[in-house]
Amino acid sequence: MRPSGRAPDEMRAITIETGFTKHAEGSCLISFGDTRVLCTASVEERIPPWLRGKGEGWVTGEYSMLPRATHTRGSREAARGKQSGRTQEIQRLIGRSLRAVVDLKKLGERQITLDCDVIQADGGTRTASISGAWVALRLAVNSLMASGDITHDPITAQVAAISCGIYKGTPVLDLDYPEDSDADTDANFVLIEGGQIAEVQATAEGATYDEEGLLRLLRLAKIGCDGIFAEQLKATQ
Amino acid sequence: MRPSGRAPDEMRAITIETGFTKHAEGSCLISFGDTRVLCTASVEERIPPWLRGKGEGWVTGEYSMLPRATHTRGSREAARGKQSGRTQEIQRLIGRSLRAVVDLKKLGERQITLDCDVIQADGGTRTASISGAWVALRLAVNSLMASGDITHDPITAQVAAISCGIYKGTPVLDLDYPEDSDADTDANFVLIEGGQIAEVQATAEGATYDEEGLLRLLRLAKIGCDGIFAEQLKATQ
Amino acid sequence: MRPSGRAPDEMRAITIETGFTKHAEGSCLISFGDTRVLCTASVEERIPPWLRGKGEGWVTGEYSMLPRATHTRGSREAARGKQSGRTQEIQRLIGRSLRAVVDLKKLGERQITLDCDVIQADGGTRTASISGAWVALRLAVNSLMASGDITHDPITAQVAAISCGIYKGTPVLDLDYPEDSDADTDANFVLIEGGQIAEVQATAEGATYDEEGLLRLLRLAKIGCDGIFAEQLKATQ
Amino acid sequence: MRPSGRAPDEMRAITIETGFTKHAEGSCLISFGDTRVLCTASVEERIPPWLRGKGEGWVTGEYSMLPRATHTRGSREAARGKQSGRTQEIQRLIGRSLRAVVDLKKLGERQITLDCDVIQADGGTRTASISGAWVALRLAVNSLMASGDITHDPITAQVAAISCGIYKGTPVLDLDYPEDSDADTDANFVLIEGGQIAEVQATAEGATYDEEGLLRLLRLAKIGCDGIFAEQLKATQ
Amino acid sequence: MRPSGRAPDEMRAITIETGFTKHAEGSCLISFGDTRVLCTASVEERIPPWLRGKGEGWVTGEYSMLPRATHTRGSREAARGKQSGRTQEIQRLIGRSLRAVVDLKKLGERQITLDCDVIQADGGTRTASISGAWVALRLAVNSLMASGDITHDPITAQVAAISCGIYKGTPVLDLDYPEDSDADTDANFVLIEGGQIAEVQATAEGATYDEEGLLRLLRLAKIGCDGIFAEQLKATQ
Amino acid sequence: MRPSGRAPDEMRAITIETGFTKHAEGSCLISFGDTRVLCTASVEERIPPWLRGKGEGWVTGEYSMLPRATHTRGSREAARGKQSGRTQEIQRLIGRSLRAVVDLKKLGERQITLDCDVIQADGGTRTASISGAWVALRLAVNSLMASGDITHDPITAQVAAISCGIYKGTPVLDLDYPEDSDADTDANFVLIEGGQIAEVQATAEGATYDEEGLLRLLRLAKIGCDGIFAEQLKATQ
C-alpha cells in the first residue's frame, strides 16, 4: 500500500558515514533512504553575549537545503537575502532537540554549532538532521574529552527524530517524499533513549486526528527511534 | 501552588470584545487574563499567485507583538528589518490552524488575512491569537454570506488553542507568564470542536516527558478548549 | 460643509484613557474621533552610544500602523523588511517634538522611547501620536520622580499637535480622513503651551497657499491645541 | 555677527552650471556658496504601476550625499543597505515640490526623475537640490517640447527653496553649516514665483519660536527665493 | 619545497564522481585533492526577463561554501542576509566561463543553472567549481539531446580552470590552501581546449610580477587544464 | 576603424583636476575622455577590527555610479538596498590595487578610504577610478607627512590602470563605451611604474583569445599606463 512497498512500521535504510569532512570537529553524512544530510559539529571557544559569565556553554543548530537537493530547483536563501520561515523553524528545532541531552554547565564556556546541510531531499530532512547532528556532536565531544578540554561528559543521552503520518488512513513510519506530499497528518517526534519525549509536532494536513491517532503515531516513532539509536551507537563506537 | 492560585485545570478569565476596530470585515480583542490580542480578518478579492485558476481561496495569518507588550521593551521587527524565527513560526501556525476548519473551495477566489497583534503579553499569546482569529474569521465570513458573496458556509467547525505545561511536576492548564518561564514542558494544542486535533506542539524545556505526560496535557487542553468554544459561540451569535 | 458637519474651527471629540497597558511605565489610548493610537513610554537605563559620558538622557519616538488600521489592509512593514519613508518621517517628528519640552540633563543617563501604534486610522494619526505621547511621557516621568530616580522635573511644558488644512477653499481644524484625502493644503502644527511653536509642516497638495493662508491655519491650530492641552491635564492629574 | 560676515538677509553666491553631464535630458551643477549639488532630470517612457491608464505622468526625486561631501566621511547608504530617514524625507520633499509646479496631464504618460547628488555640503543641501532640480526639469521639458513629444508646456511656474533660521536670536537667510549646527530654529521654505507657498517646514531646535518669528522667516525666504528665481531664469534662457 | 612535496608543475589528484545527486539533470562531485565541490546543473524552461523573445537560452552559475567547509567555521550567508563580494565575484566568473563554450541560440529558450557548493575547501574552490560545472552541464545537455529537446549540441568546447601562483619565488601549479595563504601572486586561468583563453585573473598579493612571470603562470595553467580536460572526458563518456 | 577615429594605441585625453572637493584630505576629478570620476581620499584614525594591535594601517576603496552617469538611468543601489556584484568586484579591485603600492606599517594605525564616484560614464570607469584614486591618496599622504603624522612615505610607487580589448580583431587601447559594448575581449590591467604588474583581468566576451593576444594587450597597457603615470606626476607635484 505504501508507494515504496514498505510495511507501515518499516523504516528506510539508515546509513551513517562519519568523518565525511576533515575540518569539522565532528561530522557525518546520514542517509534515511534517498534523503542525505551532511551534519557537522563546530566547536568555538566563545559563547553568545547573553550567556557571558554564567559558566555555561551553548549548543545551536543551522539548517539549509542545497538549491537542487529537491525535485525542482529552489532559489538560494543567501541570494534571496533571508531564510524562510520553514528554515528558521527547523533550525530552532535542531538546537532545542540537542540541548535536551546536553548539560551546558559541563560543556564549559564554548559553543557547538550543528550545521545540517541537505545534499538530497526525499522526505524527513529535519528528522535525519537531528539524528545525524547527535552523531556529529558525540564525535566532537569525544575529541574534546580526549584532549582533556572537557573532563565530564556533557551528553546525558542519545536523541533521535523520526516522522510518522497518517497515509491513506493508516499510520505509517518514516514518510518519504511521495507519502509526505499526500499524508493527512504529518508528525515529527524527537525522542530520547529510555522512552522520554523531547518534542512532538503533529499537524493535521488534509484530515484531523484524535487522541488514539496521536498515540499510534507516537508508538511507531518509538520503534523508529530505537532503530536510529542503534545506528548512532554503531557509528560512534 | 500555581503563582496565580488557580487550580491545575483552571483557565484564566476569557473575554472577547467583537467589533474592536471599524474597518476590518471582522475583528475582536480577545483576553486570556492579562494577555490581550487584537485579531482582525481582512477580506481581499485576490489570491496568491500559486493558487490562480484553481477556483479556491486562501486563509493566512500574521502575528506581531507591540514593542511594549512585554515586561521590558523589545525592539520593533520593522526597525530591525526582519521578522524573528519565533514570529514566523507563530504566524505559520495561525494560518495552518484556521485553514484546518475552512473549505477553501467554498471560500471562492479571495484571501482572508488574520492579523493578530499582541497589545499586552502575559503568556499564551499564540493560543489567544488562534482562538480570537477564529472569531474574526467567523464575523468576516458572516458578512460575506449576508452580502451574498458566499452562498455556502466555508467554515466547517470551531478551532481553538490553549497551552498546557508541566509546572513543578504537575500538569497545568493555560500557563501565564510566570509559569511559562519556569515550566519543564510547554505544549500548545490546537483543537477542533468534537474532539479532533489540528496540531500538537509539545516541547521539553527543563525535563523531558513521557507518553503518560503527553496524554495528561492533551486532556487538560480539551477542558480548556471546550471553555473557549463556548466563549467563541457567545461572541459570534 | 464639512463631511462630518463640524464647524471649521471644531475639533473631533478627544478622549485619553491612561494605563491602557500594564507593563509600560506610562501609557494611554488617545482618540481623536475614530483615530485611535496606543502610546506607551518605556524607560530604559541605557543611552545611545553617541551620548555616553555627557550626563544626558534621550527621548525618542517610534510609530507604526497596524495593518488593518486603515480602510484597506496595508502590508506589514516587518514583513516587507523596511519602514516606509512616511513612517520614518513621522517617528522622527515625534521624537523631535517631545525633546522640545524635555531638559535632557535633568532626565539623567536614561532613554525614554515613545511607541505610537495606530489601532485605527481616520486622519491625524501623527498629531494624535504626539499629543498622546506627551501623556505617556508625563506618566512615566511622574513615576520616576515618585521613586526618587529623578529629583527635578525634566518636562518643561506641554506639547500637542493638530492638523489643519484648506478644504474646499476654507481653512478647517483637525482633518478627518475624508477631508484629508481631498484638502488643497495639509498642515501639521506642533505647539507648546503658552503660544510657542515647536514645528510647522505645511504642504500644498492641490493648490498652493500664501502668507495669509498660513497664518489662518496657525490660528486654528492654536485653538485646537488649547483643547488638547486641557485634556492632557485632565488625564494626568 | 554671522560667521561668514553676511548681512542677515544676504544669501551666499549662487551659481548654476547647466549641461554638467551629457547623458541626462537636463542637468546642472548648482552652488549655494560651498554647497554643490549635481541635479539631473531623466525622462523615461514609463510610469509607476498605480498611474497606469490615467493619461498622466509622474515627477519624482532622489537624493544622496557622496560619502565625503561632508567634513568627516559618512558611510555609504548603498553599503549599509538602506537609505536613512533623513534621505527619504528629503527626496519625498523634492518630488512634492516639483510636482507643485507641473501639470501631470500635460506631461503625458512618462516619468521624470530628478536625481540630486550632493558633491560638497556646507548647509542647505535640500534647498539647493530643489532649486537646481527645477533647472534640470526645465531643460528636460524644453527638449521634450523641441522634439514635439510634448505640445503644451506642463511646467506652470518656477519653484525654489531656501533655508532660514534664528541664529543667536536673529532671523537670518540661507544658513551655512556653521550657522545650521548652532541655530535655534531651522526652517525650509519652498516658494513659487508670485508669492505662493508650496511647503513650510520650520523646526525649533534649541529654542521655540512664535507666530512673529515664523513670519519674519517667511519674509526672508521670499527675498532669497526671488534671487534664486532670477538665477534659474538666467540659466535656462 | 612545496608543503605538499609536489613538483612545481604537478597537480593534486583529480576525481570526478558523476550522478552524485539524483534530482539534478546533471551532477558531479569533483575533487582537487582535499577540495571537494558538488556541482549540479538544473534545467528550467524559463529565461531571464531581458532575454524574452530573442530565441536564446541562458547559462548562469551560483556558488556557496558550506559553513564548515573551511578550517574554522564561517557564518552562513543566508543568515547574514547577503552574499559576500567574494561569492558574487566567483559566481559571475562561473557563469561567464561556461557561457564562453555554449551557443545560446542552440540551447533554445531555457536556462541552465550551475550550482557549485563547496563541501570541503583546501584552495582552488573556484577552479574546481568551473571544471566540475562543465561536467554537470555536459551531462544535462546530453540528457536534453537524448530526449530530443535539443537537436544540435550547444556546447562548443571543453572549459576548465586552474590556479597558479608564485610561491616563495617559484611559479607553481594548482595551489592548495597552505600555498594559497602564502603566495606572492595568485592567478586563476580559465582555458578552453585547443589553447584558447576564456579568462585570466592574476593578482599580486605580496610582491608584484612582470610579463615573464605572467607567461610562466599561463604555461603552467595549460599543463594543468590539459589534465582536467582528460578527466572531464573520462567522466562524461 | 575605431568609432572615435583614434589609432589602436591611442588613449583618450586624460585630465586630472586636484582639490575638486574641499573636505577630503585628498581629491581629484579625473577624466578619461568623457568618463569622469570623482576620487576622494578620507583619512580616519581607526582601523578595521581584525587589524587591531598589529601596528598597521589599511587602505580600502568604494565605488559607485551616479544613477544618470550612464546613457539610460540606472536604479540607485541605496534604494535597491544592496550593492551589485559588479560594484563589489570593482571596489575590491580598487582597494587591492592601491594596497599593492602602500607599506601599511609605515601608514600607521589609520585607514584611508578611496571613494570613487562616477559622475559620467563612457567606458573605463574602473581604470579611471584606480588611476585617480592614486592621486587622491598621494595628496592625502602628502598632507599627513606635512603635518608630521607620518614620517616615512608609505607609498612605494605609482599605480595606474587601463583597459584594452580586441575590437573587430584588432587589439586597441583604452576602450570607450561604443567599443566596450562590442569588443571580443575586454581586459583591465593594473600596472606599477617600472614594468611590474599588480593585476590582470582579461575576459573573452564574444571570441576567446590566445597567449599572443594576451601579450599584445599587455604591451598596449604599458603604453597607456606610462601616459597616466606622467599625468599623475604633473597633478601631484
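Should a chain be cited, it is by its letter among A, B, C, D, E and F, assigned in written order, with residues numbered from 1 in that chain.
Definition applied: a residue touches a chain if its C-beta (ideal position, glycine included) is under 8 Å from a C-beta of that chain, and two chains touch if they have at least 3 such contacts.
Going by UniProt, the chains are A, B, C, D, E, F = Ribonuclease PH.
These figures come from a predicted structure and were not determined experimentally.
Asks: What chains, if any, are shared contacts of chain D and chain E?
Replies: Shared contacts of chain D and chain E: F.
Asks: Same interface as D-F shows up in which of A-B, C-D or B-C, over half of contact pairs matched?
Replies: From the options A-B, C-D or B-C, the copy of D-F is B-C.
Asks: Find the chain most remote from chain C, comparing centres computed as mean CA coordinates.
Replies: E
Asks: Which chain is most remote from chain D in terms of Cα centres?
Replies: The chain lying farthest from chain D is A.
Asks: Under the over-half criterion for shared residue numbers, do copies chain C and chain D use the same patch or different patches to meet?
Replies: same
Asks: Using the average of all C-alpha atoms in each chain as its centre, how far is it in Å between chain E and chain F?
Replies: The computed centroid separation for chain E versus chain F comes out at 28 Å.
Asks: Provide the C-alpha centroid distance between chain B and chain E, rounded to the nearest whole angstrom.
Replies: 50
Asks: If you average the CA atoms of chain C and of chain E, how far apart do the two points sit, in angstrom?
Replies: One centre to the other, that is 59 Å.
Asks: If a residue has to touch 2 or more other chains to count, which residues of chain B qualify?
Replies: Residues 81-82 of chain B each touch two or more of the other chains.
Asks: Given the touch rule defined above, the chains close into a ring; going from chain E first to chain F, what order do they follow?
Replies: Sequence of chains in the ring starting at chain E, next chain F: E, F, D, C, B, A.
Asks: Across the complex, what residues on chain B touch chain C?
Replies: 21-24, 27, 34, 38, 40, 42, 44, 62, 64, 66-73, 76-79, 81-83, 87, 113, 115, 117, 119-121
Asks: Over in the complex, which chain C residues touch chain D? Could you list them?
Replies: For this pair, the touching residues of chain C are 82, 85-86, 88-89, 91-92, 96, 100, 187, 192, 195-204, 208-211, 213-215, 218.
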